[in-house]
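Pasting the structures in now, so scroll down.
One chain, chain A, links the two complexes that follow: it is found with chain B in the first and with chain C in the second.
Moving on to the complex of A and B:
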């Protein structure tokens, strides 16, 4: 009962079919943006600047990939800000408690943070499925719980992670790019593997493409959903680790802004909010679009509020492109 | 044209009546005055003490509220006795919470509040005064709203003017740059008053340094991660032209430092603001050249203390001069040579303040431009 991510392209007579356009539009937008910024300011096109963009994008990329799985299922997960904060803070506490350097047992804090993310996602999924609360409400509420929990854990303080070994995520470079970019790349490959090579990944598309059908075919939809939210939690935790690696600080505010960034990135990347379409590569392109705009706007010297406006317009454009309006009779 | 004539006549009569009424009113007030201050509303006993603020996730507000808690503890109560009204950045919620608490406590309330935005201060103060409770405000109020217009119930307002201190830090920065080169400013949320004042402080200082160019000023929303991104982009745009960074607050400076660390840039002159413990540590290490401590702990405690002591009748606000009712909070410049001493006396152990010394550390009356 495999369902493919994008339906077979229907070639229209002459020219590019709609599906091809939908598939490649985000990448096209990214290239056009990069060309635009490069024309305005040649220094945009330097390797060092790409490294800067990727450093900024890595944590958000992890979070966006996590929520991509959920959006493919046709649900939504808005718990990322709370989850990221809790994971960052619990990582920092454990890391310092176990010795404060990766060379000691403190490395255990890394898997522990991922586990914390998984548990939060699992609970999130259970609340959504068992209590039959719409995912957007359940996850939003869980996000608030997470932010509150992180607040209680830190008492409003910020925890510094000074370990040189852990901070080498940012300071050590291979081929001009810091280690955290490669770590993020590894997680993208894992996500791609899950999406395309595992039953779970296929099931996400099945649920998103037609939940009734999937259920009727004997798929335990509830189980897939809970596993999806758990997986998303793990990726949120990965985002938290990279965010701490980037700034060297874990605090309640670590999760700030991730909701807007990641949902925008997923949508701009071409993953449809009603599920079944899109995937990890779309999200990668979407995240890059968002951060290329963020970086490019400053590089060419445009004020920040223009940046938000441009992102808003891009979201609308992305949804227009990825929606087949003929097939939708009404919008709610 | 008779209606005009009629209108003028009416107005004349009205004005005459108004003058009579005023004279009567003044005479009445004077007559009441003869009976002494005992005529004023009776003081409250054991009022509920509340702090209304945005939330505690921000280290600055966390300090403010911890000061409020320290004050409550100084009264011999547990710190849980302080009622927290958390508005999460909503003025509507701020006002609704205050009204609810006024109803619940039946006006037996000593309230310390930041009303979230300036226009919200008036309805809050009016609601409190109407219920016979007492309020002291921090940061936000409009320029036409004054404590002395509300008798005793609007006890005091404290704020900070950041322009002067920000100018001082800017001068330290510009001197460290050798009076030449390029400076970038990373600001707070563009519409926030402190953000505007701190940028203005830099601009004031720059007038005396003609060889320093302000390359760019971009809002970083008081946010470490945003500041990190903005600084990276500045490095792409200006590269080596940047020889100094002026940050609107400490959390922004942390993001800037990490952006520089990622590029292997060390020794860039940076100044910031707020005097958070971590920033003071960085000042001691010379990674930040100066920050400004505004003693939020004292500010939070004394605001609650003023409302409480006015409510219990320990002092009578209307007997105090205006500069005791609208005043600036303290500012202390922290630089590398005194950072450790400052840290020891203010941060490592929070000083025990005399919460009845209302105006000792304050910084003069508020001046309106």
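Moving on to the complex of A and C:
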């Protein structure tokens, strides 16, 4: 989606190198935003409010991390809304069928949901690679299939999960933060491990950095792609579980809004849509930026109709600030 | 005739095959009157897809179109009494300006169009919610008929909205194939660096392309507004993804430079045939979304021309 300029252009001009500045720009944006909202309204800085932000952000964070792997490869995955819905609904059905409480065999529904996500991602990857359909279209169509499948499974009904043990994801707090925040943190660590400590993670960057080069050096690019989409599916499923844990309801609409939200967050965090740049930490920062903006606007009392527009403006600003303008000639 | 030479016609072949297939199951689908009403119903979607074609043709995407259309429905409803038919001009100008702003943010500020247009869409949504006061507004019926009744009339069995769609298609086709601007669009889409090197003012061309897609979104929004006789910040929701799908199924790839407005015509028709086929074939309402996705995958697999893609991303 963009072409990088000559290597010399990326060198620093003395002092703090621009490389460093660009790498930390998303975090700076996040800190500036938090400082701004804290100045406008001191209540923004309370632990209660931070917990609120993190609870809202956790499901989206999982989805955004999943799609980060795909974007690093230079592809895109738009199937998350469907995948999240299907995972949420199949988790709920299985959970209730097996007893309806985590204390019984119903805990099996948790790994099952992750498995369902993996299968959907796997199919998505196969369609993209084997039928040679660009990932944008393949995953978009798979998203329709997913949303449709969830609709068929539920018939449009909502399924309530009232098990206290499962809902402790939200209700049980350690150091003022509910369990689901820690679960999300655990998944971030797993994602970071996969990204930086496994061959698969390296291969994502190899594919995104230059696919022909990766292919030429003997990498089975197709396999890496399919595995990437499968992995993304697992993280979408994790997002689905947290989403159900947060509101206690699984339905077709559970997946709504995740698509644009997660991709915006990934880009705001500094991961480039053309692949090879960025990663899990960028996405964490990006998701926090988006949710801090959303929460901050409510806390300082902006009227509802202004909030969308301000979010749009701030997103554009955040991307402008975290883009290294000297090193790219154009973007698409 | 060699197989290779057939490739540009894949979307057409898919469309004809789909129509015949549905017709075989339910012959009433093939009647002229049902087809005309089918096509007339999708005109706003088609106009939106036409605009989207320009953004995708240069290798970008415009995700603000739905919100621009939403904003326009509100603007048209609120200012109809004051300006009469000239409210159309205000709407089109608003679409042009929002599109141009998206283009400027993409080209000059290096924000990928995916995010730039999405964010501009949020800004347009804010405008729509503010202007409408978060309510669904309805048009004054007399003022509407006085200014815009011509949009939905019927002359000799031909619905006027089809004529409008035809005129816009001709205009877009003329722009794309018969003007230097159209040539420049193709050059930018097939290789931006080469286009810059050959001295084209690429930034201006891209900004204009986005402005055009905004303009078409505004026209689509205006038609919605008149057709439903009202305005609302959510009126056009659900059309964005369909417009993108229509462009892609027609054979204009996201990488740009190939395809064009005629492809979009075919793509829109394919999407509409699939959607309405499910009604004709009496597929259960809860199943429709899933069936749509599956057929879409098959249709895309059949229609896209992979000969110019070295890497499928």
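One rule holds in what follows: the second predicted complex is superposed on the first by the 296 of 332 C-alpha atoms of A that agree within 3 Å, B and C clash if a C-alpha of one lies under 4 Å from a C-alpha of the other, contacts with A are read in each partner's own complex, and residues count from 1 in each chain.
The rule is short, and it goes like this: contacts are C-beta pairs under 8 Å (C-beta built on N, C-alpha and C of every residue); 3 or more make two chains touch, one makes a residue touch a chain.
What you see is a predicted model; the values in this text were computed from it and never measured.
Student: Just checking: does A:56 make contact with chain B only, chain C only, both, or neither of them? Give me first, second, both or neither.
Tutor: first
Student: Look at A:104 in the shared chain and tell me whether it touches chain B only, chain C only, both, or neither; answer first, second, both or neither.
Tutor: Neither: A:104 stays clear of chain B and chain C.
Student: Give one of first, second, both or neither to describe whether A:48 is in contact with chain B, with chain C, with both, or with none.
Tutor: first
Student: Going by the contact rule set out at the top, does A:299 touch chain B (first), chain C (second), both, or neither?
Tutor: First partner only, chain B.
Student: Between chain B (first) and chain C (second), which does A:176 come into contact with in this model arrangement: first, second, both, or neither?
Tutor: Once the two structures are laid over each other on A, A:176 reaches no partner at all.
Student: Would you sort A:217 into first (chain B), second (chain C), both or neither based on which partner it touches?
Tutor: A:217: touches no partner chain.
Student: Give one of first, second, both or neither to describe whether A:243 is in contact with chain B, with chain C, with both, or with none.
Tutor: Touch partner of A:243: chain B, not chain C.
Student: Counting residues of chain A touched by each partner, does chain B or chain C come out ahead?
Tutor: More residues of chain A are touched by C.
Student: Could you say whether A:155 touches chain B, chain C, both of them, or neither, answering first, second, both or neither?
Tutor: In the superposed model, A:155 contacts both chain B and chain C.
Student: Please indicate which partner A:315 is in contact with in the superposed arrangement: first for chain B, second for chain C, both, or neither.
Tutor: In the superposition, A:315 contacts chain C only.
Student: Which chain A residues contact chain B in one complex and chain C in the other?
Tutor: After superposing on chain A, chain A residues 147, 151, 155-156, 304-305 contact both chain B and chain C.
Student: Quick one: in the complex, what on chain B touches chain A?
Tutor: Residue list for chain B touching chain A: 55-59, 61-62, 190, 216, 218-219, 223-226, 228-230, 232-237, 239, 251, 254-255, 258-259, 261-264, 278.
Student: Give the list of chain A residues in touch with chain C in this complex.
Tutor: Residue list for chain A touching chain C: 1-3, 73-75, 82, 127-129, 131-138, 140-149, 151-152, 155-156, 211-212, 260, 263-264, 267-268, 273, 275, 304-313, 315-316, 319-320, 323, 325, 328-332.
Student: Can you name the residues of chain A that touch chain B in the complex?
Tutor: It comes out as residues 41, 43-44, 46, 48-49, 52-53, 55-56, 147, 151, 155-158, 160, 170-171, 178, 243, 246-249, 251-254, 256-257, 291, 294-301, 303-305.
Student: How about chain C: which of its residues touch chain A in the complex?
Tutor: 58-60, 63, 105-107, 109-116, 118-123, 125-127, 129-130, 134, 192-193, 196, 202, 241, 244-245, 248, 253-256, 286-294, 296-297, 300-301, 304, 306, 309-313
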